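There are two complexes below, and they share subunit A, which is joined by subunit B in the first and by subunit C in the second.
Right after this comes the complex of A and B.
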């Protein structure tokens, strides 16, 4: 039961900067995900919160109090390692009891709380097993239970689901949410898997190369990416980014994408882009599932492209369109009434379009729609 | 014996001769014969080195023969005495004293070596400046020939030697303890020499064990609130239990053979105050020339030591088995 404030946090290893000027606040009982590709600084950030690593710059506060001088074992945090770090020389019971034993609790109290947490983690029938005989999935639950038993104010999870099988991962996602609701803890969850982050977190902090890219709710990060990195990183397939020119045509603003065609901007859009200082070259971003398909001779306005490849993935189908250098992807329903090589018209509803500056990669939409709560001021 | 249970030497020979194809061509019987023929010289040599002396020792130990009899050992049967020598072992007070003294010295020395070696190993687990240099320095005593270290400590413990000089300097009073002619201080000096020389070995083995403890488990224990001492007693120590048993076992068996240092420093004196088992055997062999009796003692020691070694190994195996059952 604790809030976390990271203020100008930075960490360098010799010449390498792992985390740079990271400022973000986690509210009490909030579940946040640190999301990014490997090497983005998310694990380093987590280690600094835990106290395993010392920040080079900046400050960490729990409940507004600077904790940089507090040793890791006094920070009252639970930490679940990626490889679980189960004490394989101890039984499941002793693993769970570890945090209580080192706190010298009474035997009866330890016994009661171990059984309680074992019930929560569904490990009750495994208590007297040697922990090394557990399956990977059970080790995962043991690792979480072992940290949860001390009722830490803050729970840190470092890629806890990366080693378990796919079916268990889906099950565990729901379990984690349930456990967090039961334990009422502040959770920080490190992952490179955007689906995990989206489904679990109250807010997601997207990191890349040590820099915070965006810190907002899953919906905001997905629908209103602050820059092209977030746009490409979130979603599978990623957001389409199409380079083109803004030109005036017959008194209206038009997005022109060469031979693919052109799109007329509506008045609100044009005004927004002008306010944001958009230049002539611009990136149009649109989620693959937001594109509607039509016959090339349909009346609606859109870009016309040939289908390269049709990729059925069960409930949905991914269409790959255009040349491979600037491929567009469209996610559509199970049934596709088109063939490979056929040209289709892509209709992009104005409210689904996002614009980015090709030079800086920054979003040009911030002024228009509700601005997400960004990590960086 | 089937072809499947060939000796490793035969297997290696056939493998070298072309991955078993030659063995197939020759058939199992011929293959085995070639194997036996080619390894025969080695086997004979081993029999000569190990079995022959052992049998001679057994033979002599059952007689009252000594080289002073003027007959060769082959004729020792003329003084056949059955188990008199073995009975003598249990009635020999000086031997019993030597054994107890050896056990005492070994117990004190090995315990000190373990505690010091473990302490040092704990310090060396974490990196610090100049660690490789200190590391090499600490291992140096182990490389010294025991006879040389015996001389070093003989000189150190002279009444006008460096140790007394140092004590005099520190206390400000002239200190002239005659270390090696007093029962207690001579024992201390001898133990000090052994500890100096063999702590590095303990250190080396235990350090290897401690480095093998998974770092992530230590990190996890720390984050679960364990203090340094709790990590040591709950994670590190239980995980290196087998290593500790091996280290102590090796040192225990080695220390029982304690001779060189003692021989040079005190020759077992004053009186028999530091006379250990090996020193006693040496004296009976070369001083009293009672070779038949010494042969009996020697054989008894081999048997007892073998039993001790078996006990140690089975203890290690039990720990391993328990871990394997857990895995």
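Right after this comes the complex of A and C.
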């Protein structure tokens, strides 16, 4: 059991800055994800926590104690890599028992704990197998079990699911959540897959080019992205960002998006934007699943766009809208009552709209940085 | 433009059957996906058409012509692999132009065709760069560009975008589909990603251990699976399957916790019930007697929707709920479903026995 504090953490490799001034705290038993595209600094951060890399600046504390000078093998950390480090010449049992044998535990104790962890990993009927006979999916379970059995205070997982097939990944996501509930360990999970981060983590640290973009609950990161990078990175498909102008019209504030049409802003929305110092040029953000579709002649006001592509994906359908390229995506149900080429009206509920400054990319919705504040400044 | 067929084709490697008794017709101008788990024989089908492998039995046809004895180079098919095989010392432009130069095409034509392919693939500004200076997605476009300029009879692609990251895959699959529509060429696409197959295929074939289990449009495959294998392979998370008994058209599981009046006109006996995660709905407010009761075990919020594992006695039901429902672990919940969203399978051979629309699609 352990909390982790990263304080002003930085790492440079010669002239290249991999991580810059990173400050964040992981609570005891918390599951956090370090999320971002390749080169964002997530793996470097994990390696510094593990002690594989030495920070250029800043400090790392476990339970409030600086561990910068403590050797990696004394940090009480469990590590699971993308390339599961399994001893293929040993049986499943021996792989699981390895960390306990190193610690010279009693044979009966080893036996008990191996069987316990094997049951948790659903490997009980494989204990006598040579581990080389396991499937790729079982190997990954074994790798996780092998680290978990040592009951480390902190569990670090580096893209553990990126080599397994898509169906198993979905299955394993739920398994990992179940395992974490049982193990009650502090977990730091590195991934480039926003779906994994959303589904697994208590909080997500979104990184880009070595800089922390946002650190918050999955719901807050998804619903209230602090900037356009987070808005675009989270979600599948990403948040729609429409560029337009704020103009006054008949005493009301209106978002104008050229030929696509215009949207009247709520009074509260207009006030919020004015307080945030919004300029005339603005980005309107809305999640694809928050847009409701109506016939063009429907009474509601909204932007009108033609459908240019329809992607059925089973439970849902992704509609691509726009004249040529997809300017906007809408996620709707299994059955779509529209055809390609048809124009539809997009209804965007005011409470689901987000605004960004196109120059800085920063959110103009107050409270974007804090979770659970629901925009109340 | 081409129609590609396999007639009763079998192929074994060292006594192990890779492909058995495959009959398959891909129509002219079709975007056709071959979908199945790893090593189910998907890639072997492509190699048979390409002429890289010879069938042990059966015939390989292109535009109704038997390909026996026709060399790969004479079949006029273009192949894109996951491993792109670009020439690292050549610029993107030279890589794309390569097949035309080999053929000795006139310089003006090469220029025109390369420019056209580059425009279609949005890589015109990158033509002077070497593969090492390009991102994964850009390299993939160059590889596709190299096949475009040849103007082949059909394109065959083997997991062409599997190595790209999730966001790029999402974009590339749509681009490929647009491209195929513009070019009006037959495209056969092998993938192990069911969402990819569903989203781009005009029709698809589902493979299992070297055999084709079902062919149809994505809609037919998803909504009228011929058996439990297809039903659980397509869709994510997979369809829930619960063992139980059917009597007088009603289903009841072993524990008696799931009881459904289905009005299924099938003989009484043991059955497997199939329910898609999105067809199970959380009941808000008062639960009705026929609703399924359970406890929340795992919550996976994904933003647009939330996957919730609900334990119903010893049975796990995974549901796909829209949006971000307010749920806690161990919370008791009730689930509702429409009888017409259910499937029944024969527990022995897995065949779909109800609804009857699923039985004619094999």
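Keep this in mind: the second predicted complex is superposed on the first by the 362 of 377 C-alpha atoms of A that agree within 3 Å, B and C clash if a C-alpha of one lies under 4 Å from a C-alpha of the other, contacts with A are read in each partner's own complex, and residues count from 1 in each chain.
By definition in this document, contacts are C-beta pairs under 8 Å (C-beta built on N, C-alpha and C of every residue); 3 or more make two chains touch, one makes a residue touch a chain.
Every value quoted in this text rests on a predicted model; they were computed, and no experiment measured them.
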Partners on subunit A (subunit B, subunit C) - clash or fit: fit
Partner with the higher number of touched subunit A residues, subunit C or subunit B: C
Touched partner set for A:209, first subunit B, second subunit C, both or neither: neither
Cα-centre angle that subunit B and subunit C span when viewed from subunit A, reported as a multiple of 10 degrees: 80
Which superposed partner A:115 touches (first subunit B, second subunit C, both, neither): neither
Partner chain in contact with A:133 - subunit B first, subunit C second, else both or neither: first
Partner chain in contact with A:295 - subunit B first, subunit C second, else both or neither: neither
A:262 touches, of subunit B and subunit C: first, second, both or neither? neither
Contacts of A:331 with subunit B and subunit C, given as first, second, both or neither: second
Closest approach of subunit C to subunit B (Cα atoms, Å): 16
Residues of subunit A that lie at the interface with subunit B and also at the interface with subunit C: none
Footprint of subunit B on subunit A - complex, ascending: 50, 52, 72-74, 77-79, 81, 83, 85-90, 98-99, 101-103, 130-133, 146-147, 150
For the subunit B and subunit A complex, residues of the former touching the latter: 214, 216-217, 219-227, 230, 234-235, 238-239, 323, 325-327
Subunit C to subunit A touching residues, read off their complex: 37-38, 165-167, 170, 174, 177-178, 192-195, 198-200, 218-219, 222, 233-238, 276-278, 297-298, 300-305, 307, 309, 318, 320, 322-324, 329
Contact set on subunit A toward subunit C in their complex: 37-38, 165-167, 170-171, 173-174, 177-178, 181, 192-195, 198-200, 218-219, 222-223, 233-238, 287-289, 309, 311-316, 318, 320, 326, 331, 334
